[in-house]
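Down below are the structures I want you to see.
The same subunit A turns up in both complexes below, where it pairs with subunit B and then with subunit C.
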Partner chain A sequence: MTAFAIQTHSLVKTYGLGSKQIRAVDGLSLNVPEGSIYGLLGRNSAGKTTTIRMAMGLARPSSGEIKVLGFNPTDDPERVIVLRQVGYVPEDKMLASLSPRKLLELNRSFYPATWSDDLARKVVKRLELPLDTPYLKLSLGNKTKSALAAAIAQHSRLLILDEPTIGLDPVALDELLRLLVEDCSADGRTILLSTHQLAEIEQIADHIGIMDHGRILIEGPLDDILSNFRRLTFTGASLPLTGPSILSVKSDARATQFILQRDPEGFAQELTRNGATLIDSSPMSLNEIFLELCRTTESKEEVSA
Partner chain B sequence: MNRDVMVQAIDIIGALTIFPPILFGIWFFMRERRKSAALTATALFSGPEETGHSSLFSRACSFSFPELDAPQRAYLLRQRTVLALGLISTWIFFIWFSAGLLPQYVSAYAAQQPLPLRVWYSYLYHISSGATSYGIFAFLAAGQAIVEFGNAPWMGRFFRTRPLTRSFVFWTRTGLTLGAFISSLLLAAAASFLLLLLTYGPVWKHLDNGNEPTIANARSQPAPSSDDVLGSVHSGEGHATWALQTSVPRLFLSIVTTQTFFFSLMIAMAMLPIRFGRMKSILVIAFAYAVFICYIFYVVAGNGIPPHLAQIFFLYVQPGPPPPYRLALVPLTVSAALLALAAVSNRRNDS
Partner chain C sequence: MLSLRISASSGVPVYLQIEQQIKQSIASGVLCVGDSLPSTRRTAADLRINPNTVARAFQNLEREGVIRTVPGGGTYVANFAAPGAGLLKAEKIRRLRPLASQLAVEASQLRFSPEDLHKLLDAALLELEKARRANKSDSSSGTQEGDR
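This part shows the complex of A and B:
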C-alpha cells in the first residue's frame, strides 16, 4: 500500500460570498506519494497555490479533507506536527523581509533537529546567493534563492515549492534541479513542486498532477502518462469521433488525427481491424499533453456553458 | 535660588534627551561590527554553534522557560526587537513626561504662586495632556504586534509556517508588545519622577504650606472647569485646586487602562473573521480611527464626553478629581474581552 505525503479528498476552497463566490479549489482529490518528486501543473488560477496554502495551514478548506504526512494541517496541534516536517517556499517568495543570512539564521533556530549547515553552505555556494544583501535590494531571483536555501537546508521530510524557479537564470535553474534530485529527494523525502516550467519538471519529476479550474485533470507517474498519451493519424472511412480513450480529434480532407489519453496500442489495433490505415504514431511531450488537456477542458466547458 | 534650580533642570533634561540615543547608536554599531567580525569565511552564521557564544537573552530564555521547545524558544528570542522598541518608547515618553519640568513651562503658570506648586502643576498637566500622543503610540504598538500573526508579508507568513501554535504566537507577541508598551510608560513615569526629585526636590510636600488661603482650601473645593482655570491663570487658584486634587497613581493607572483599551481594540479589529479583501483594512482603520477621534475630542474639548461616561471608562486626562479605583476594572475587562475575541479570530482566520 502506497503511503502519501499529501492526500486530499473532495477538497473545496471558496472565497467571497453569494454571486461573487469563487471556487478556487473544486472537489480536488490529489495523491502525492511519499518519496516522490511530484510536479503540480496548471494554468494561472488553476488552484495550485490555494491547495498548497491549505497544505501549509495558511488557508482553511471550505469542505473536504486534506492530510499532510498523515495529519490535518488545518488546526493545532496537528498543524504544528506537519510544520515540523515541511520546508516551504511561497509563490511570492515574501517569506520574511530579512537578508539571506538573517533568514537562514532565523530559520535554522526553528529546526535544530533536522537543519543542515553543510546543506545550507552547499545551496548558498551553488546558487551563488549574496548573503548580506538587504532584503529590499534583493532581486526577484535572489529572493527565490534565499527562500530556497532556507527551505532546503531544513532537510525536511516534505519540501513544498510554489513556483520555485521564478526569476532564476538558466544556470541557477540547472543547479536547483540538481540540488533537488541529489540532496532533497534521498531517504524517502518528498518534493512537491508547483510550476509552469514543464520542460524542467519533465527532467526531474517522477509523478505529475495537472490541475485546471480547481480540479485535477490527470495524475500519476510521469512515465505512465507519457506512454499513455499518443498522437495517432489515420486515414479511412467511419472513424470514431468519441470514445473513452480519445481526448481530441482533428480531421482534414486527407486524414484524421487522434489525441489519445490511454491505451493507444489497443485503439490503433481496433481501428486497423475496422479497415483504417495508421499513417503516423508519435509520442507527446509533457508540454503537448498539458496544452491538449487544458484546451480540451476549456472547449468542453464552453460547450456545456 | 529658583533660577539656579531651573538652569539645573535644563542641563539634566537636555543631557537625558541627547545622550541615550547617541549611546544606543554606538552600542548598536559596535554590536553589528562584532557580529561581522565573528563571521569567518566559512562560518555562515554568527550564532552560538559556530562562534561558541550565546547571548544573555538566549541564556535567560533557556533558564526561565525550560519547558518550551526549540521553535518556541526561537520565537521568544526573536522578540528582542520588541524590548528594543520598548526602550525607545521609554525614552520618548520620558522626554514627554519630563517636558513639564522645563523652566519655560513652569514659568507659564501663575507666577505669583510658589515654585513647588507651579512645578507640580506643570508636571501633572504635561503628563495628562499627552493622552492623545500615548494613544497614537498604542495604535503603533498594536500595528507592530499584528505583523507577526496577521497576513502581513513581512514576517507573518514566516511565523505562520513555522512549527508554532497560533495561540502561542498570538499571546507571546501581543503580551510582550503590550507589556513592553505599558512598561515603557511606567518606566518613563518613574524616571521623570526621579528627575523631578533630582531637580526640584519633593515639591508635592510643599504645596499646602498655609501661606496661600486659596491653596489651603483647595482640597475641599469643587473642581473648577477649564474656563474657570483659563480665567484665573494669573491668580493660580484653578491650578492649585487641580494640582491638589489630582491623584498621581490614578493618573498613571488611567493612562495604562486607556492605552491598553486602544491597543486591544486595534488588535481585535484587525483580527475580525470577515473577508472584504482590501475593504477590511479600510474598515478596520476607519473604525479604530473614529474611536480615536472621539477620544481626542474628549481630551481636546475637555469633558466632550459626559463626565459619568468618562468615569465609567476610567478616563482621566487632565489634573483634577480622580475617578474611583474600582472603575479601572471596566476598561481592563473590555480590553481582556477584545483580546480574547482577537485570539479566537486568529485561530479561525485564513492568512
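This part shows the complex of A and C:
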C-alpha cells in the first residue's frame, strides 16, 4: 500500500453565513503520495490556498477529513506532530517583519531536530539572498527567497510551497527548481507546490492534481495524464459527438477535432474501423490540458445554470 | 562529454527524450563502452526534472542492454553498446518503421524525389560515421595527454 503525505476525503470549507456562503473547497479528495513532487494546479480562487491552510491547521474544515503524514492537523496534540515535520511557504510571504538572517535564526530555534545549517547556507548562496537587508527594504522576490530559505533549511519530511515562484526572476526560479530536486525530494521526502507556472511544474512534478471550484478535476501520475490526453483530427461521415473518452469536439466543413481524455489509441482504432480517416494525432502539453479542462468545466456550468 | 537537453513543450515525454539523446550520444561516439553516466539525482538536478523520470529512462535503457548499473557503483555504457546488437531484426524494424514512414510523408509533401531522399539518408549515416571516428581519435589522443 502506498502511503500518502496528504490525503483528504470529501473535504469542505465554507466561508460566510446565510445566502452569502461561499464553498471555497467543495468535496475535495486529494491524494499526495509520499516521496512525490506533487503539483497542485488551479486558477485563482480554485481553493488551493484554502486546502493548504487546512493542511497546516490554519483553517478548520467545515466537514470531511484531512490527514497529513497520517495525522489530523485540525486538533492538538496531533497538529503539533504535523507542524514539526512540515516546511511551509505561505502564499503571502509576510512571515514576520524580520531581515532574512533573523527569520532564519527564528526558524532554526523552532526546528532543532531537523534544521540544517549547511542547507541554509546553500540556499542563501544559490538564491543570492541578501541576509541583512531590513524587511521593509526587501523586494517581493527577496521576501519569497527569504521564506523559501527558512522552509527548505528545515529539511522536513513534507515541504508545502504555496505559489513559491512569485517575484522570482528566471535565474532564481531555475536555481529553486535545482534545489528542490537536489535537496528536498531525496529519501522519500515529499514536496507539494501550488502554482500557475505550468511549464516548470511539468518538468519537476511526477504527480499533479488540477483543481477548479473547490474540487479535483483530474489527479494522477503526470506521465499517465500526458499519455491519456491527445488531440485527434478525423475526416469522415457520422462521427460520434459524445462518448466517455471525449472531452471536447470541434468541427468545421472538412474535419472534426477531438480532445480525448483517455485511451486515444482505442478511440482512433474504432473510428478508423467505422470508415473515418485519421489525419492528425498530436500530444498535448500540460498547459493545453489545463486550459481544456478548465474551459470544459466552465461551459458545462453555463449550460446547467 | 554527454550533454542532455530537455524541451518541455515538444510533447515528447521527457524520459523518451533522455533515452533518445543517450542512444544518439553512443551512436555518434560521444559516449563509449565503459564510460560512466552521472547518477540519477545528479542528472535530474542538472536538468531540473523529476528524479523518477531519469530513473525511468535509465531503467528502460538498461532493459534494452544499452547501459548497465552496478549496484552501489554507478551506471555505465554497456559492452553491447553498438546499440541494438542484442536485438532481433524484427524488433529493430518495429522501432524504425514509424520514423521511416514519417520521413516518407514529409518528403512526399515537399515533393522531394526518392533518389534525393536516399542521398540525404546516406549523407546522414556518413556524418554519424565521421563523428564516431573523430571522437575515437579525440579520446585516444586525450588519454596520451593524461587526465582530462
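Just so it is clear, the second predicted complex is superposed on the first by the 305 of 305 C-alpha atoms of A that agree within 3 Å, B and C clash if a C-alpha of one lies under 4 Å from a C-alpha of the other, contacts with A are read in each partner's own complex, and residues count from 1 in each chain.
The rule we apply is simple: a residue touches a chain if its C-beta (ideal position, glycine included) is under 8 Å from a C-beta of that chain, and two chains touch if they have at least 3 such contacts.
Just so it is clear, the structure is predicted and the values come from calculations on it, not from any experiment.
Room for both subunit B and subunit C is found when the two structures are superposed via subunit A, with no clash between them.
Put subunit B and subunit C next to each other and count what each touches on subunit A; the higher total goes to B.
Once the two complexes are laid over each other on the shared chain, residue contacts for A:S282 go to subunit C alone; subunit B is not touched. When the two complexes are overlaid on their common chain A, residue A:S227 makes contact with subunit C while staying clear of subunit B. For the combined model, the angle formed at the CA centre of subunit A by lines to the CA centres of subunit B and subunit C equals 140 degrees after rounding to the nearest 10.
In the superposition on chain A, contact of A:F110 is made with subunit B only, not with subunit C. Once the two complexes are overlaid on the shared chain, A:L177 sits against subunit C while remaining clear of subunit B.
Once chain A of one complex is fitted onto chain A of the other, the partner contacts of A:Q203 are limited to subunit C, with no touch recorded for subunit B. In the superposed pair of complexes, A:G57 makes contact with subunit B only, with no contact to subunit C. In the superposition on chain A, A:L239 makes contact with neither subunit B nor subunit C.
By the touch criterion stated above, A:R84 is placed in contact with subunit B alone, subunit C being left untouched. Of all Cα pairs linking subunit B with subunit C in the superposition, the shortest spans 25 Å. Within subunit A, no residue touches subunit B in one complex and subunit C in the other. Within the complex, the subunit C residues that touch subunit A are 6, 8-9, 11-15, 41, 44-53, 56.
Contact residues on subunit B toward subunit A in their complex (touch as defined above): 42, 44-47, 49-50, 70-71, 73-75, 77-78, 153-155, 157-158, 160-167, 275, 347-348, 350-351. Taken in their complex, subunit A has these residues touching subunit B: 15-16, 53, 56-60, 75-77, 79-81, 83-84, 86, 88, 90, 92, 94-97, 101, 104-106, 108-113, 117, 120-121, 124, 131. Contact residues on subunit A toward subunit C in their complex (touch as defined above): 37, 174, 177-178, 181-182, 185-186, 199-200, 202-206, 223, 226-227, 282-285.
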